[in-house]
């Protein structure tokens, strides 16, 4: 290196103090899995009466996580995630009623179905943007719901699909009437989902998707196809959503039309944004707070719940655009700053 | 057959009156307003209260409902919507307006209760009018007439008035309009008022077809959005054509092929948007 | 002489009746350092867009390394080594400098559809990225999100990104635009360190920069190629004077 070059390196260092605090918040993300596991087990001991609700929360967290892959890491604003969730739930439910008993195989069926429908519809609609894309995702969900409604012989139509009775997990653990097996099974699946999702967002593929989110045209300029990444991530998220749907079907024993509804899509979006997008654990935190508060408030009057969540949502958009997690991060930053001064 | 057509057209006109308000605000302010259905619902409830509890005549209830809805929602424009105008904010728009919808649903339920509300029709709208050999229910004829008046009125407003010229200029090129001294803030406010006024009008007129209950705001918003998406944002005639097509096929579907009406509708929606992503009618002219 | 890397023949483009590029022929060989100059509206940007495949030509052929690429889409030309940098820095604001280069290298190698590999463990990636950072003098800011980078450094990253894609032909669209004159030397230094066998075409207004960079200069005027030559030849050419100082010539 020439003297001039070393000089330049020096001035670079002094000219760019911003280089120092470039730690990514996600680098602490590995903590999330043990923390989630510990919290999940603690809840198992603390609330043995509410395992049914808690199991639903865990499965929903996986569903919201699938939306984070699409929205938080690819920037696709969608109101159609329930199409994949519902497809996975119905596929697993129908398989369980007619052919398959093994719960893990049922999850695989759900994931496959969710991934396939996402791949097919994604390839068809992901050229669009903005309102058009929102409409297309809504339309896909409505079609899935309508098919489920009309295929009454298979799905039970508006009565819902019941009679899902999975075999013991791994041939060892029966799904007991207290829901203990269901809960621990759901917790294990969610943790596995978090690990896989974390792996994916840190992979070369995840990096490319973040690029597409920021500037699709620039991705074309380095020789990539933005739509290929979008469709691929949409399909991956479809697998996650499908597994979440299957998990709900297996643990609750029933699949209803609302699992493929517009409002279920919208609720996923609300939960994700409450927790914070693009962080994976935001999905878990958002789901737990949303469904927890829902459980408390909706018990008295569903409209109290709507008022609360509506005001909360507006508050988040106006004052806390990054969701709860970013609020905590900012608070943390504030404390750190104070500690530094003291 | 004739009855189906009349019902379909009347239903389409209601969809048009409500959706065109959404279309205009989307076209100008680029805001995906999921609370638009809630505004229509508020109009309907106010009219119902004015007519049933206060005993106002139908026409007066209609006017009061539209005026009150506009007055009640204008502060929302200043306080909330102004922060989320523009292309880049879709997600914030969706979330904020979902939140607003929830709040309105909860408030309406608190004030008026969860039961179905009616707006009693005056005697003048109860009979039938004869049209040559056929007879049409007067209420349907009235709705179709109001739809036509709205269509013509909007056309006149946008094509023939100073307001319309400014509005179209701002839609075509916001930066240029601002540079020419068009005060976009007041223009946005006026357009927002126009949009909610139309929503309220549609909510009142359509109470027979889209029954008033607290979940109205959530139940029908997908329909209104579909009309706008197919018609093209900001296009009056596009909205009219899309709404009428939707109204007629949906009504015909209910009578003729009751099992698959909705299915065909959304499949058609996907195909149309696949081919013309900016709406069927926008796609044609552009 | 080595075979040409880029050969443009009779390239033309009309928009409606307007001829914005007419019959441009140009070839670049390995090691060429060619500057494309011309007054505003001469059609420089259109020419770059035609060559890179952003807009289709009305007539003419483009050959890259001996193969006809005239009908290929832009992304495919990129994969074959025809790379451009942008006049206005177009970068991913929240991603770090290192992530930009990692993405470009992974994309070039077709490794971006690996879902379960870790970026940190892709063999050879870290070394190659370190090399690129070094060439452009960006090592100290490798972990900085691009949004908080000084503009001159963003321009350097633009060039580093182009370089990461292993170009055969590199088109630099005003690489020093928006950079203070005092700092443009750093960009020129970086360009000096580009691999020697590369063919580089630079579009530039700043004649100072052009004279320091270019071994040959091409002058474009009104969509036509006016002349090509060394710096001395171009300065001495009366037609070039006419184009740049030209109102007198048009007056009669």
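All chains are identified by letter, namely A, B and C, in their written order; residue positions are counted from 1 within each chain.
In this text, contacts are C-beta pairs under 8 Å (C-beta built on N, C-alpha and C of every residue); 3 or more make two chains touch, one makes a residue touch a chain.
Keep in mind that this is a model prediction, so the values were computed, not measured.
Between subunit B and subunit C, the least number of touch steps comes to 2. Look at the CA centroids: the one farthest from the centroid of subunit B belongs to C. Rounded to whole angstrom, the centroid-to-centroid distance between subunit B and subunit C, based on C-alpha atoms, equals 51 Å. The mean-CA centres of subunit A and subunit B are about 33 angstrom from one another, to the nearest whole unit. Centroids built from CA atoms put subunit C at 41 Å from subunit A. Contacts with at least two other chains are made by no residue of subunit C. Those residues of subunit C that touch subunit A in the complex are listed here as 74-76, 78-79, 84, 86, 90-96, 99, 102-104, 106-108, 111-120, 122, 137-145, 148-150, 153, 161, 165, 186. Across the complex, subunit A meets subunit B through its residues 71, 77, 79, 124-125, 127-132, 134-136, 138-140, 142-143, 146-147, 150, 262-263, 266, 269-270, 273, 303-304, 306-307, 309-314, 316-318, 321.
Of all residues in subunit B, those touching subunit A in their complex are 26, 32, 80, 83-84, 87, 90-92, 94-96, 98-107, 109-110, 114, 214, 218, 222, 225-226, 228-229, 233, 259-260, 262-263, 266-267, 269-270, 273-274, 277-278. Across the complex, subunit A meets subunit C through its residues 5, 8-9, 12-13, 15-16, 18-19, 22, 196, 199-200, 202-208, 210-211, 214-215, 217-225, 229, 232, 236.
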